[in-house]
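In the two complexes that follow, subunit A is the common piece, with subunit B as its partner first and subunit C second.
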Partner chain A sequence: MGSDMGLIVKTMARATIPLIGIFGAYVISHGHLTPGGGFQGGATIAGAGILFLIAFGINEAKEKINKSLYSALEGLGGLVFLAAGMLGLSVAFFYNTLWHNGPIFNGEPGTLLSAGYLPIMNLAVGLKVYTGLVSAVFAMALFRRWRK
Partner chain B sequence: MIFTGFFYGAIAIALGAFITLIRIMLGPSVPDRVVGVDTLNTLIVAGMILLGAAYDRVIYIDIAIVYALLSYIGTLVIAKYLQGGLE
Partner chain C sequence: MSFIVAFIWSFALWLVLTAGTNGMLWSLEELIAGIIFATIVGFSTRNIIGEKTQRFLNPIKWLGFIVYAVGPLFWGMAKANLDVAYRVVTGKIKPGIVRVPVDLENEAQYTILSNSITLTPGTLTVDACPEEKALYVHWIYVKEEEPKTSEPVAGSFEKWARRLGK
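Showing the complex of A and B:
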């Protein structure tokens, strides 16, 4: 009854965690083109964090997961979302000024660098959801009610 | 909708899923139900890919990939709980 799983699960986790992370980053960055977006991709990468916590045990995760860094990144995600909403404040709140006359993110519709502030908002929401879910799951795993 | 044979494949997968659901409902022990849920996850991934082919949409395959990755994590969490939990 150790703190981590067996050798097969650990090796499988070493192979699978980068795969889940890259696929979640794909879902986040293509949120305006394919199904998914910030929340779905963030929850997928949080699944990679849960797999790390399950496969390598709580002591290994306690060294890797920095509590204050994750808290700061969650706040940063919310601030970036709000800043992207305030970019076109001279016209209206949440006015998509990057799409109408911005320097970047105004390419042909259907390409990656299009849709104005939507990719920025997807990245912000993905960062916020990932750090929030990993922090919540890690806090629940550290919470000891039994045997002590 | 180019080839409706994919729908027959999806119906066959759904039939297998119903049989698996009977095992999940009747399973006498907890590991029986866990194995049933794991089988059901794989069958649902197969059904998603068949329906994505039947509706002729490539982007439906993304959802099947996410479901396959996350169902593995779910089964792993239940297995870890059954073997003694996170200590």
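Showing the complex of A and C:
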């Protein structure tokens, strides 16, 4: 238990974890413009979390990964998705009211603030996928021992 | 302080990714979104990025990295690739793992030197041991079994790594 990688892997992980994180955020937030979206970007950021877990070892990860926070954020992602779907409830469920007459997210197609509720949903799905995957992998890494 | 380093490091990648949204430059909304996301990423990774990383915000150091990448490193890679092609054709190899004593202080210097050694074909860093100030390098053609410095293995890379990671 508690094994971690050598010095080179750790130093490279220190440098690349912020880069993977911001790239995942880019994929999520441009889900309506470029290939990718909530799931793909969330899985990318979860890759950064798994890199952290593998490079720095389980003991370091135990201090940094907070179970309640991740659990709450996963729930929040689902709730925001549902709330975005409810926005146009006076017409229909999942009616994209932000795009048709909403105050924001109705810019010119191709710009960042367009496509109505899609960016919000992508962010919600990305948050949910990231926290869910990291929690799942971390729980497996904490599995008590290989054999009794 | 390390929050600012992580913020700048991730915001620079965001700028590279989103360039061209307003002509050749960036539209305002992309910049604001970048600041928000880079703040989140920088805040989450501020304890991971390491201590004293603000020394890499020095523009003179960036210049040093560029000069190193296009100068000694590129030249060393070109030379070593031709050498490996020669060894593939003729089959003259004498492989072995040698212990290379190095005189470096911090993790960044070890990483730069190890990655440079691995990038030049024919040599491959197996392990870096800062406690005994040595690298273990797998060499395709061992010229010296117990080198006293890193000169026969890595050329001038150790000097550069010491300067760039300081």
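The rule is simple: the second predicted complex is superposed on the first by the 144 of 148 C-alpha atoms of A that agree within 3 Å, B and C clash if a C-alpha of one lies under 4 Å from a C-alpha of the other, contacts with A are read in each partner's own complex, and residues count from 1 in each chain.
One rule holds in what follows: a contact is a pair of C-beta atoms (placed from the backbone, for glycine too) under 8 Å apart; a residue touches a chain by one contact, two chains touch by 3 or more.
Because the structure is a prediction, the values reported are computed rather than measured.
Chemist: Could you look at A:A136 and tell me whether it touches subunit B, subunit C, both or neither (first, second, both, neither)?
Modeler: Touch status of A:A136: no partner.
Chemist: I'd like to know which partner A:F52 touches here: subunit B for first, subunit C for second, both or neither.
Modeler: Touch partner of A:F52: subunit C, not subunit B.
Chemist: Contact-wise, after the overlay, does A:K64 reach subunit B, subunit C, both or neither (first, second, both, neither)?
Modeler: So A:K64 only meets subunit C here.
Chemist: Quick one: classify A:L19 as touching subunit B (first), subunit C (second), both or neither.
Modeler: Once the two structures are laid over each other on A, A:L19 reaches both partners.
Chemist: For A:L113, using the defined touch cut-off, is the partner it touches subunit B, subunit C, both, or neither? Pick first, second, both or neither.
Modeler: second
Chemist: Check the residue A:K10 against both partner chains and state whether it touches subunit B (first), subunit C (second), both, or neither.
Modeler: The second partner, subunit C, only.
Chemist: Please identify the positions on subunit A that touch both subunit B and subunit C, taking each partner from its own complex.
Modeler: The overlap between the subunit B and subunit C interfaces on subunit A comprises residues 19, 23.
Chemist: Within the complex, which stretch of subunit C touches subunit A?
Modeler: It comes out as residues 6, 9-11, 13-14, 17-18, 21, 27, 29-30, 33, 37-38, 40-42, 44-45, 47-50, 53, 107-108, 110-111, 114-115, 125, 127-128, 130.
Chemist: How about subunit A: which of its residues touch subunit B in the complex?
Modeler: Those in contact with subunit B are residues 1, 3, 5, 9, 16, 19-20, 23, 27, 34-36, 40, 44, 47, 50-51, 53-55, 57-58, 141.
Chemist: In the complex, go through subunit B and note every residue touching subunit A.
Modeler: It comes out as residues 59-60, 62-63, 65-66, 69-70, 72-73, 76-77, 80, 83-84, 86-87.
Chemist: Can you list the subunit A residues touching subunit C in their complex?
Modeler: Where subunit A meets subunit C, its residues are 6-8, 10-15, 17-19, 21-23, 25-26, 29-30, 52, 56, 64, 107, 111-113.
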